[in-house]
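Labels A, B and C are assigned to the chains in the order they are written; within every chain, residues are numbered from 1.
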Amino acid sequence: MIALGAIVAAGLVTALGVRDAVALDLVFTLLLYAVLGQSWNWISGYAGNISFGHAIFFGCGAYASALMVTHGLSPWLAIPAGAVAAAALAIVTGFPTLALRGHYFSIATIAVAAIVDALVRTQPWLGRATGFELPIASGWAALQFADKGPYIVLALVLFAAVQIATIALERSRLGYYLRALRANHAAAAAVGIDERSWKLLAFAWSAVIASCAGVLYAQYTLFVDPPSTIALGVSIDIALIGVVGGIGTLWGPAVGALVYVVLAKGVALELGGTGKGYDLVIYGAIICVIAALRPHGIVGTIVDGLRRRRGALELGAAAATGGAA
Amino acid sequence: MLARRLALALATALTLTALPLAPTGAADPPDIVIGSVLPLTGASAQTGAALRTAQLLAQDLINGHVSYPLPMVGKSGLPHLGHARIKLVFADSQGKPDQARAAAEQLITQEHAVALIGCYTSSTTATASQVAERYGIPFLNPDSSAPSLTTRGLKWFFRTTPSDATFADNFFQFFGDLKRTKKIDVKKIAIVGEDGLFGAGAGDAEEALAKKYGYTVVSRIAYTATTTEVNAEVQKVKAAAPDVIMMASYLPDALLFMRGFKDQSVQPQAIMAQDAGFIDPNFVRTEGKDAEGIFTREVFSLDIKHRNHAVPLINQLFELRFSGKPLDGNTARDFMGVLVLADALDRAGSTKPDAIRSALQKTNIPGNLTLMPWKNIQFDASGQNQGGSGIIEQIQDGKYETVWPFDVAVSAPIWPMPAWKH
Amino acid sequence: MAVRCRGERADLADAGVEALTTFAQLLVGGLLTGLVFALVAVGLTLVYGVMDVVNFAHGEFLMLAMYATLGLALLGLGPLLGLPLAVIAMFLFGIIVYRVFVRRLLAGPPEATVFGTFGLLVLMQGLAQAVFSSDFLSVPNPPFAGTIRFAGLAVSQASVVEGCGALILTALLFAFVEYTETGRAMRAVAEDRIAATLMGIDVQRINGLAFGIGAACVGAAGALLMLSYPVYPTAGVPFALTAFVVVALGGFGSISGALVAALLVGMLEVFGGFYLSPELKLVPVYLAYLVVVLVRPQGLLGRR
């Protein structure tokens, strides 16, 4: 919690103090990806069902925003509308698939995402392949700002809320049941934990979070189309952020987002202009190394290390007291 | 970030200390920064690199003193601004709309660009130009063809290239001309395109114009570009028995369709392509004789050299800078885009945004002073150049020959296309 | 009156024949498409069967095999001549990747294999773009460019060759797994790794071989595909996505299941494209997957 407070404070200072548009853009992107990564973490990390189609929920929020605005309604309505759509989509698609074992579920998420993508491209009311451009506006009512500051404040609020929600998840009954299910399906079922219902709950919530990020994205970028919001590439980016940081950890997604932003932007700046895809090579190599040597991701490894140290200390203390006693 | 700041500070310090050593005399006016947003990484990176080379070539020619029959070339900078030189600063859009947005903002707020140029793909142009609109900076788009870009009501957006609507219209003008000269009989049209922005945009424009000109669209097929087979699509086209098939495809799908049409003996009078896969160097190499007779709209051709003898000269200069690859539609348009901006800047005599915009609105460059097969460059109220147009080429003997408009054609069109050789 | 009736009947008959021909053409096209999918999928299912690993970089292995075939073709060895070399090269590549990388992934938590192979996907795509650029590259003057006509139908020679290749490969793989000692060892490891170890089977060696053979299969697939397709860094993605669905539909680990599922998917895609819409032709495929794994979670012919 202290860490969270520090980050929020730093973020607010940045939002109010820094004027550099490029830096602010990096901060905003970082926060947005961290939120998306965390939403993915709920279903893939805590619940253990690895999703490669998470972008469709992000798209729910983005498209909700675009639709509201182009129909003359307030973009604030997109938050509940997108959330409802995302939750509904999660429940409808999760109900049949969440009980599937491992790889079957992952491929099911790809299948669902592909169906959604194909449907969006054929529906005129969803903009088909052209997508939507949001007209320029300003002010809190329009949820659009000329200055970046308010966007970062909103992103911070979202990020803080999601982190707090994740802490709550870890300590809640849902979190407990999810951990039990991950540890041993059969034992959990024997104790009466209904896998499907609890995972559906986690899935729906993760969809809602992603949708909120989608609304903010749409109001920031002012452009929504299938390749930038619901394509397989976007789902893969989200998944990679979660993995690199550390699946199933509180701060994993944030760290993963940091790595992603630094790498993607940094490499593009330094090596950009050659058109050679070096950034992909570096990114892929890092993931391979992490997967082979440090499968719990960056944060996971740190957590493991801390646990082991604490364990050793406790053992030492016990030995000392035991010896003394 | 910090490193960059430190480096900049160091460089500034060094420059300041070096000043007393610089030759005294009239101080040079500061460079005029034009920001360029291009896909320098990502899927379109090759094109981005080519566009960058073309733009830099234009910049160097403007700042140089060798004259060509082109606006603003060889005047050692901008005369009405004290011969200030223009300087292009590039930012990478990575081919993504949100990145393009950030890139545009960086160029405006950090590099203090007085105008922006870019961005190749229509989706990145959309977001980058919105940023320019917000900041009140003129934005010149030389190469994105989505018609919607000039229907947004933006005040600072100017586009020199024709849109998909114009390119589609070219096909129908071509038919009209052939009806008069060769008495062709075309009534039924099939429109086949990939379902992304490129194919859908071209297809929509074609469909609307077909109806307007009184043709029947007997089949409209959209497919996903990454498809690995086109059995159903080809059967549908075959069942519709069109006189002409209009295609908007990338290379792999173009090859699949050509294969399918040949195998299934789908024999229209002509296949009209919208660039992309059909002008990929690999297309003729793979298809060989089967490619004979295919028409494609193009944006530019070296064949128009009799309109402006600068065409082969600029082509040579470009080839020198870009590993021997010749100018194409994209690079030619981007080259011209920089010249158009320079022309406006010079007439404005100022770097104030309003002055530049006003000058852009009054742009009037005759077609034969450009590299393009255009009537002229003149923007209408929505920022669209009204004088632009495409040309139509046909693959004859394995080469792309300009066949329309007739005044720039180097070869007569072969109609109908030759039968598939089995 | 009688003449007009006969004329109308003739028109209807013509229309009927045409519809039948179209249907037959789609059927044949669907089967051939399915065989191409089988070609790509068999290697994937073997690897999963033996070591429980879905190689998410499978498409990139295919892409690599395609580039290798192109390279050999540019040296003068056409796709069919270069095929054995491509197969051997990919076999060795598969074994190396297993020894250096996949083996470590197997030692970690279950999600490590998913993300490790995904990282491999990103890495290989990036390398391909860096080394080969994103240009579309084709084998110049590929063989089997002609058309075969029979019974009023037409198919391209290349797709027939690819189809035969798929059948031969599937049969070979099936025979290998069923009738050879190594194949039996693989089945043993697939069924019960611990018991197999107790029986004296070197699981690591079997795993490596399985991965290598899986890669070799994809090598053959890549060589044959170069008869009809250009290669580019992401060329493997659409084939791989379909392969994942095919393998899951047929049942992970079942070679015959992969073949049956592939044919089914090919037909669904082609008929879906014609009777539904070309834009939505993959929807029936993905829907079929979702329905089957719901009703029969282990796939059509899978174990457990």
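In this section, a residue touches a chain if its C-beta (ideal position, glycine included) is under 8 Å from a C-beta of that chain, and two chains touch if they have at least 3 such contacts.
These numbers come from a predicted model, not from an experiment.
Engineer: Quick one: label the inter-chain contact graph as line, ring, star, complete or other.
Structural biologist: Per interface graph, the chains form a complete graph.
Engineer: Given the contact rule stated at the top, which pair of chains has the most C-beta pairs in contact?
Structural biologist: Highest contact count belongs to chains A-C.
Engineer: Take the average of all CA coordinates in subunit A, do the same for subunit B, and state the distance between these two points in whole angstrom.
Structural biologist: For subunit A versus subunit B, the centre distance works out to 37 Å.
Engineer: Suppose each chain is reduced to the average of its Cα coordinates; what separation in Å results between subunit B and subunit C?
Structural biologist: The separation of the two C-alpha centroids amounts to 38 Å.
Engineer: Between subunit A and subunit C, what is the gap in Å from one C-alpha centre to the other?
Structural biologist: Going by mean C-alpha positions, subunit A sits 32 Å from subunit C.
Engineer: Of all residues in subunit A, which are in touch with two or more distinct other chains?
Structural biologist: Counting only residues that touch two or more other chains, subunit A contributes 118, 121-122, 275-277, 279.
Engineer: Check each residue of subunit B and list the ones that touch at least two other chains.
Structural biologist: 45-46, 195, 222, 224 - these are the residues of subunit B that touch more than one other chain.
Engineer: Among the residues of subunit C, which are close enough to touch at least two other chains?
Structural biologist: Where subunit C meets two or more other chains at a single residue, that happens at 133-134, 279, 282.
Engineer: Once bound in the complex, which stretches of subunit C touch subunit A?
Structural biologist: 48, 54, 101, 104-105, 108-116, 118-130, 133-134, 233, 241, 244-245, 248, 252, 277, 279-280, 282-283, 286-287, 289-290, 293-294, 297
Engineer: Show which residues of subunit A lie in contact with subunit C when the two form their complex.
Structural biologist: 50, 96-97, 99-104, 106-108, 110-112, 114-115, 118-119, 121-122, 232, 236, 239-240, 243, 247, 275-288, 290-293, 295-296
Engineer: For the complex, which residues does subunit A have touching subunit B?
Structural biologist: So the residues of subunit A in touch with subunit B come to 20-23, 25, 29, 118, 121-122, 128-131, 133, 135-136, 146, 217, 220-223, 225, 227-228, 268-269, 271-277, 279.
Engineer: Which residues of subunit B touch subunit A in their complex?
Structural biologist: Subunit B reaches subunit A through residues 1, 40-41, 45-46, 48-49, 52, 90, 92, 94, 96-98, 101-102, 105-106, 108-110, 123, 126-127, 130, 133-134, 146, 148, 152, 195-197, 199-201, 222, 224.
Engineer: State the interface residues of subunit B toward subunit C in the complex, per the touch definition above.
Structural biologist: Its residues touching subunit C are 43, 45-46, 195, 221-224, 226-233, 235-236, 239, 251-252, 255-256, 259, 262-265, 280, 282, 285-286, 288, 422.
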